[in-house]
Amino acid sequence: MIDFAILSSVFLTLCVYSFVYKESMFWRFAEQTFIGLAMGYTFVLAVQQIQTVAWIPLSAGKNYLFIIPLILGFMLYARFSKKYAWISRWPMAVLIGLGTGIAMRTVIEAQIIQQISATFLPLVAPNPMRTFNNITIVVMVFCTLYFFTFTGGTGKVPDAVRKLGRYTLMLTFGAAFGATVLTRMTLFIGRFTYLWGTNQRPYLLAIGAMMLVVLAVYEKIPALFKKK
Amino acid sequence: MSIFYKAQVPLYIASFLAVFLIVEFFIDLPILKSMSSELQSWGVVVAAFALGLGVITVTRNNYGIIKRREGNWPYFLWCLVVMFVMIGTGLIGDIGKHPSFLWLYNNAFTHLSSTMYSILAFFITTAAYRAFRARNVDAALVLIAGVFVIMTIAPIGAVIWLGFPTIGQWFLDIPNMAGMRGIIIGIGLGVLALGVRTILGYERAHLGGPGGGQQA
Amino acid sequence: MSKYVIWKDHRWVYLLLIVVVSWPLLSPIGLPVPVTPSTKMAFDTVEKLPPGSLVAMSSILSGGNWPDLGPPEVAFVQHLFKKKLKIVFIGEVDETPTITETTLLPRINKYGAQYGVDYVNLGYIAGAPDVAEAAFATSLRKVISVDYVTKKPLDDLPIMKGVNTLADFKLAIHIGMAEDPVRQFYTPFKIPLLVGVYGMMGPHYIPYLDTGQLSGMIVGLRGAAEYEYLVGFVGEGLQGADALSMTHLLVAVFVVLGNVYYLYQTRDRTRKEK
């Protein structure tokens, strides 16, 4: 008895992975299926959100003010008209204004004050390793910030400070690369954990073999019909 | 007058809302808090409408390709079919709860979604031996920090040599932390600068349209 | 070196990667998983909470990021249920409420917890993460009127009685990016904040751990494995730890081999020029 749920999931997964063998009809099929499903899903959830947040309170008479965001929301769709595209700027301005205000009001404390105050570390600590670490942190934070200032002149000392800032950033990017490998491999391991599951394994082997055969002969078929 | 409504009013709206939300945060008045929470809920509704724009854009683009019978047009037709089936099944009855909609979500969409992201693992493996070369001091620093952090994250690193997690954790806690702190402070200053530009009306990219919002 | 086929056709490397991933999944090795300080801090923060405390669990979980963010959230949620804490789930991405019901909660031992009394799924809030989190934190009843599963008004749910803002919660946990909850949850309300982040974002958020803005952090699958070990259950984290080791070792070996090859090429070129 074929389980169409497993068949669908394994087939679509292998269609995407066929891209590493070669770009093929399987990959193109999976790509367009993904786009269609993603767009459809996003639309349905957006309708659900509008219904829950605005329509239900509005139609129940609890908050008539929600008519304003509903009108603003519909105004967004004016962007598809060349003549009336300017109407969509009003709701966009609402989104930009709200986003700007919400981001700005907490960024000063969260990202500037707290981070700067945490950099004020004792340069002489009881532990020699701690002393070394504290000095390293203070010097490296200062040098990194100085690296981003494009004014301040040139000379042996400013250039040396900027160079140390650049080296600090290189170490940061190296650590980021190491962590990026974790994310990519995690996603990959997650898929293979699913594919090698007991229920999925027969489908994996059967569909995998069929796709490999099709891909291997795919470009050979037109060659057979080519006139010599 | 027309320029006023088309270009000036949106700038005033954005500025007013930004300033209002900032002022409300620092002044403890119930009326201001109430108005602020109302405005934020409006933002949520308008943002939900914005999600529908993608459907119209994809439909218009794909319809054009299908009509002109451009290369691979059957795939674009399939994309539209799948999209409208998903929308149709999602809007039947209780929104987003129909069994067909959930079947498509659980057995097609989630698997496609995870697999699309996971394919990068192949390319990062080939990039490791093709691109990650110690050509100069900067590249060598990236490489050394990268290898130590990779061997710190992998549990096998501690088994091979205890120095890997010790040195790797030091790289994460000291130089990486210092560099990231500098970046975070820089980003914070950038957010402030962009916010001030938006409030003062210098930032017009969000107005869009021909000329990037420069014309009314 | 140029005569080695493996360097010419990358598909052999892809096949090697598939073998290296599949082998530990089919035949586990059982390597130990040392616990990092950030994970231990997160575990201790939850351990300190008395039973019945209200926890906000916000997340950007989706099908695409499940392998990276799913295990950390499973680990957190399992610990919260084990400690008999009350959980309010909130999504910041459209898929989150569905995936919470269909994939997350079925994997959890709820220890007899009841929906509506001990935990609730409030659905998803549209908008940029900053806006959605600010809206939830300052006035959640304005953006959420009913729960996602039963569609009951919030006042009809025992768990939501008297809950209006984030100040009514004892702990906030966010699965996803950490900057926004630091700004919208921790900065205004100063309640303890834990995060489960993508593996690649771990190093980015260490400064927030250092300042105390984050009380703990689980980093990707490796962090999930450590947390599962501390809580005492085997989930996707521990199951995937061996595969994680082998793939990372493969990448590290390729980096070293690539540089050995590069040094050989440079020396060869220099010799030929002389």
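The first chain written gets the first letter, and so on, giving A, B and C; residue counts start at 1 in each chain.
In this section, contacts are C-beta pairs under 8 Å (C-beta built on N, C-alpha and C of every residue); 3 or more make two chains touch, one makes a residue touch a chain.
Owing to the predicted nature of the structure, the values given are computational and were not obtained by experimental measurement.
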So which chain is farthest from chain C, going by the mean of the CA atoms in each chain? B
Per CA centroids, the chain at the heart of the structure shown is A
Applying the document's contact definition, name the chain pair with more C-beta pairs in contact, A-B or A-C. A-B
Taking the mean of the CA coordinates per chain, how far is chain A from chain C in Å? 14
Rounded to the nearest Å, the gap separating the Cα centres of chain A and chain B is 5
In chain A, residues with contacts to at least two other chains: 20, 41-42, 45-46, 48-49, 53, 95, 98-99, 102-103, 106-107, 110-111, 115, 118, 172, 175-176, 178-182, 184-185, 187-188, 190-191
Which chain B residues reach two or more other chains? 25, 38, 40-41, 43-45, 47-48, 51, 96, 105-106, 109, 111-114, 116-118, 121-122, 124, 128, 132, 143, 146-147, 149-150, 153, 172-173, 176-177, 180-181, 184
Could you list which residues of chain C touch at least two other chains? 14, 17, 65-67, 94-95, 125-128, 131, 134, 143, 188, 199, 202-204, 207, 210, 222, 244, 247-248, 251
The residues of chain A that touch chain B in their complex are 4-6, 8-9, 12-13, 16-17, 19-20, 28-51, 53-54, 65-66, 68-70, 72-74, 76-77, 79-80, 85-86, 88-108, 110-112, 115-116, 118-119, 133, 136-137, 140-141, 143-145, 147-148, 165-182, 184-185, 187-188, 190-191, 194
Residue set of chain B touching chain C in the complex reads 25, 33, 36-38, 40-41, 43-45, 47-48, 51, 96, 102, 105-106, 109-114, 116-118, 121-122, 124-126, 128-130, 132-135, 143, 146-147, 149-151, 153-159, 165, 169, 172-173, 176-177, 180-181, 184
Spell out the part of chain A that touches chain C in their complex, as residue ranges. 20-21, 41-42, 45-46, 48-49, 52-53, 56-57, 95, 98-99, 102-103, 106-107, 109-111, 114-115, 117-118, 172, 175-176, 178-193, 196
Quick check: in the complex, which residue numbers of chain B touch chain A? 5-7, 9-11, 13-22, 25-26, 38-56, 58, 60, 72, 75-76, 78-87, 90-91, 95-96, 101, 103-109, 111-122, 124, 128, 132, 137-139, 141-150, 152-153, 168, 171-189, 191-192, 194-195, 198-199, 206-209, 216
In the complex, chain C residues that touch chain B: 10, 13-14, 17, 31-34, 36, 62-67, 94-95, 98-99, 102-103, 125-128, 131-132, 134-135, 138-139, 142-143, 188, 199, 202-204, 206-207, 210, 222, 225, 241-242, 244-252, 254-259, 261-262
